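Next come two complexes, and both contain chain A; in the first it sits with chain B, in the second with chain C.
Take a look at the complex of A and B:
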């Protein structure tokens, strides 16, 4: 049975612990949210010694199940003040699962200024001084860690933003190609890691056995059907591998839902210049990689390597949401400028969405001009330095709005809205408003039925059906995030009748349990309820489950508005 | 009957309106809180066009009642996100009352960058361009306004901080001596005025009649007894006129309750260097003024003029809380440095408490050294400039804590705690936690019975009696703030059996009503209930009615702690 690894960051001690009954069957987001609810005082300061970080592989992580290697990181968020789970790919999750580690729990915080690193191997845990790495970017960190601890070790680290405990700081994970492009991006969990003065965690699974299987054959049969399902679906089998998530730029622009110039319009006249198609064209011209996986067992491979004009590597994991935030939102139309903004965010360790939305707020406040990519790059480069403007941008969009006295700030629960206008994609708008995570498209991706005709169709402009769409997706997503699956499996799952049964079969094959598809849905509900409970204890009310008033404005080209009442929105949490 | 003056700041139009029945008998805080509750959507952005500012004299303002010329300003606070009333002296309140203006209501906000000023005279209201004054400090503003519109006109204006819409921006009022040392300080209402692009409001009551009296003789009798009561009480008759509020430095230090080095100890070793006694000594040496009034009809005269070493005027309204925040809190022990910090705050227009507490947070975060007055002055001078560090400090202590990743930040509802440690003066601690205003000593000044033996005695270190002490004071204060009285009348009121009857008699003499002391208490309760209702609609819960966890630490020299449960504190709002 896998164990909890508790690390006291003040005393530099650790211990392994059997998980109690209440959490023994949990993994991923289900585990992190339960433990944060149980162990962290909801009203504590997120950067205080009372906060914890829980780092957990999913229920199926470590098995050969396709796309099951996501890593969940949970904590009280310095950005939202509520509970947070953020998940990403990379190598750490798979390796932790193989080492039989159910979760790493970072506790307490140091009184002094000494930094540490944690090195986890099959038969050892070391907590060593890390002062020599302070100030280093995540690209250099991954390079140095692989050079010192071996190629392909799992690396999760913070950049200078996390060291400074900025509220939009990320934790960056090395992908299988040695690049830190995978981010525990949202909610500022890098700041919590920084408050505990942990610069980097290394996970080396050398010598680990395969994870145990209660029924190897049953698992194998389900797993094979699962992989085939992913390969056969047009989104996971063709769209995402072909153009990455940036395939959405043209689709969402065409739908009139690409928020442009700080959510003033749904069409960006230069959308084609920042599209997935354009990205692929540039990658091919410059000798990059169009399609690669970000974690072990990935069959979708929506990541890529993007090179600059001279053919030198610039960035990877170049996502639609980043391209939108740094592009249409700010009116920047040069793909290389946008790629540079992505690289800087990853290297200094901040959320691309919150900080690039913040760049747009800086434009709104007159600090730099709309569309000026070079000025945006210079501004973003201040993050992690002594320049106080870097501390402003690095604390995200809400904070930047307050600093500059700007009242048009697209956030919910202080987290920046992502790349789909809530007025024109109401299914995801309801998710922004009501998820306990703060505005987050991944928490209930209504774009599926609203735009992509995946899992049915629901009119994106009208209210009917969108509360239920968001609610059901939020429940399903909480389960998907607990299993350790990449969210993108959902495209295929939503269109495949027996998909939940396949997941149940894989879990049963792994653990010898007898769970059903209904149990998976119940798991999703219980995860959300834990999160609601934490946020209520932290002081959240239904008032926090609303979008800013300016979304009542008509949104061109379809002139749709956001007109949910406060009580209508609460229906999305009623299950 | 007095009228509302509504100004549309977008259209540059105004109208006079008869107050409706629900507000016709209200004034001061009672009026501002009721109108904000009724007219401002509680969940709006404080800097958006949906917010309003209500500027109201008290019920007795304009009469000869001693110390009845306070001005209440209400709005949704950009600092706390809740309802706010902040009141101050100066000339505007008295003059508005004499002009028969029940309140000025600033509505909407401009779409362009043009600034305006409002000039109110007996038979005219003008809304004129004010761009020529942008960037000017409040000292220069008052000087220019008096030169142009006549000595002794009422002036309320914002400095550069309000123009930048910083969350700790104040509105400064000219006192009768032509200095902008009186502040609508707390809660950032200067930022709301800035969002409406109103730089200054001038009120000239030339030609105004005396306010009407329903029963002149009855009023006169009560008013005379009222003035005598104030003159006879040792605090209002001797202590405050003799040494200003700074008389408290030695008293609170002696009590072990003077928060030193960001609330680490209750004794500051250099307290005598920053005491009221020291201040008076320096004022006398340098030809300043020890005691002067800040508004018409003041018989207490706790203000002063403080000159620099060369005998040049430096600052006025040099309050205990400012001296504490800029002094013991930051470990600065040079009175002239502290006076300079006070002057800068007033001139650029920020709350001395929130911004000087922020300077201590900057010390906590390593930006400058503890006790370095010169560095603090340089840092504070950045406020209102293009330097982003100025935007950080100017947004107050909570914001500065987030910018610097500091988790030891003494705030409640994001407003900085004032100059009495809640552990060692529990009566005021309960007020900090539970007042709808955010941490505010003036909302229920438990120092009275806790330290000064005014209105009885309650042990400051132990829980018993302190919930009731705070509750009763909060209720009484809400009434005092509605009448237009200076809070300092409370010292005498609490020790005088028929004081509430005197207030009732004055109100009845003025308006021909038949109110009783019980009605005054009921008024206080109803004001608080309006404020609770607004804050609940804005998303506040009992979780917000708590102090930061670090107050559980033992506080030397008496090693007291803050150990109220969340539900115990709610008792202070149960009436």
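Take a look at the complex of A and C:
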């Protein structure tokens, strides 16, 4: 059975522990949220010794199941003050699973200023001094770690923003090409890692055996059908590999839902200049890579390698949300400026959504001009330095709004809203308001039925159906995040009748259990209930499940508004 | 009597966008389907039809000044 690896960051000691019965069948988000609820006092300060970080592969991670290598990281968030699970690709999850490690738990915090790194191999765990790496960006970190510990080792590290414990700090992961373009982005978990003075974690699975299978043939049959389902669906098989997630820029703009100039309208006149189509054109011209995977076993391959004008590598994992936040939201229309902003965020280690939304708030507050990409780059470069303005931006959109006296700050539970206006895509708006994570599109992606006609259709402008759409997606997503699957499998899952059965068959083949699709849904519900319980103990009430009042304004071009009552929204949590 | 519309196709269908698509003349009473057939777009690939930013179908009848956007199946996030 796989084990928990507990690391005491103050004593620099570790121990392996058998998981107790209550968590033995859990993985991914299900495991991180349950352990945070059980082990972290909800009223603790997120940067105090009482907080923990739980780093967990999913239930199916380590198997050959396609797209099952996501890594879940859970903690109490310094940004929202609530429970947080953020997940990402990269190499760490798959390697941990192969090493039989169910989760790494970072506990306590040092009393001195000495930094450490953790190196995990098949037969050893080392906690070594890491002071020499302090101040280094994540690009250099991954380069140095691969040079020292071998190409393809798993690397998760923080940049200067995490070292400074800024509320929007991320943890960046190396992708299979050695680029730190994969982020545990949302909720400031890099700050928690920084509070524990851990700069980097290395995971090397050399010599590890394949994960055990209770019924190899049954697993193989289900896994083969699963991979075929992903390859055959037009979104996972063609759209995402063809244009990346930025394929969404044009359609969300066309639908009148692309938040422009800090959520003032749903159309950006330069949308085509920052679209997936434009990105692919530039990548091809400059000898980059249009489609590559970000974690082992990926068959979707929506990541890419984007070069600058001179053909030199600039960034990867160049996502729709980032392009929107740094683009339409700020009115910046130069793709190279946007790519540079993405690179800086990754290198200094901050969430691209929260910090690029913060750049728009800086424009709102008159610090720089709307649409001025060069000024935005200079401002973002201050993050990670001692410049107070850098500290402000690095603490995210909410903090920046307060610091600058801005009254138009698009956050929920202090986390910045992503790239779909809630008034024109109400299914995802309900998710922003009610997910325990703070505004997060991935927690229940109602864009599917609202805009993309995946998993049915629900009118995006009117209330009927959107509470249920969000609720059902939030439940399903909690289960998907627990399995270790990339959320993008959902596009195919929602359109495939026996997809949940295939997941159940893979779990049963791996563990010899007899779970059913209903059990998967029940798992999703229980994960959310753990998260609600933590947030209640931390002091959250239904009043926190609201969007800012300015969303009552009419939103062009469709002139839609946001008028859910407090109690109407609570229905999304009623199951 | 011809009407003027704007027609844009995206992603893998981008190559079907006609020159001058933002001022494109079609006959009155033209449906989205007739328009797409005229442009040679494989109908089974035109999964998402927007007319003036509202999700519509192949049978929608176009009016003067309409803005039409056509997409293959797309997703992301």
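Here is the rule we use: the second predicted complex is superposed on the first by the 575 of 575 C-alpha atoms of A that agree within 3 Å, B and C clash if a C-alpha of one lies under 4 Å from a C-alpha of the other, contacts with A are read in each partner's own complex, and residues count from 1 in each chain.
Keep in mind that, in the parts below, contacts are C-beta pairs under 8 Å (C-beta built on N, C-alpha and C of every residue); 3 or more make two chains touch, one makes a residue touch a chain.
Just so you know, these numbers come straight off a predicted model, no measurement behind them.
**Q** So in the superposed three-chain picture, is A:524 touching just chain B, just chain C, both, or none of them (first/second/both/neither)?
**A** Touch partners of A:524: none, neither chain B nor chain C.
**Q** After lining up the shared chain so the two structures overlap, which partner does A:389 touch, if you call chain B first and chain C second: first, second, both or neither?
**A** The first partner, chain B, only.
**Q** Please work out whether A:194 is in contact with chain B alone, chain C alone, both, or neither, and reply first, second, both or neither.
**A** So A:194 only meets chain B here.
**Q** Touch check for A:276: first (chain B), second (chain C), both, or neither?
**A** Touch status of A:276: second partner only.
**Q** Quick check on the superposed pair: does A:544 touch chain B, chain C, both, or neither? Answer first, second, both or neither.
**A** A:544 contacts chain B only, not chain C.
**Q** Between chain B (first) and chain C (second), which, if any, makes contact with A:442: first, second, both or neither?
**A** Second partner only.
**Q** Looking at A:166, would you say it contacts chain B, chain C, both, or neither? Reply first, second, both or neither.
**A** Once the two structures are laid over each other on A, A:166 reaches chain B alone.
**Q** Applying the document's contact rule, which stretches of chain C touch chain A when the two form their complex?
**A** Interface residues on the chain C side: 8, 10-12, 14, 47-48, 50, 52-55, 69, 71-77.
**Q** In the complex formed with chain C, which residues of chain A make contact?
**A** Per the touch definition, chain A meets chain C at residues 233-236, 238-240, 242-248, 250-251, 254-256, 266-267, 275-277, 302, 319-321, 441-442, 445, 447-448, 451-454, 457, 487-488, 491, 557-558.
**Q** Which positions of chain B touch chain A when the two form their complex?
**A** That would be residues 41-48, 50, 78, 164-167, 191, 194-195, 387-389, 391-392, 395, 399, 402-407, 409, 537-541, 543-544, 546, 548-550, 566 of chain B.
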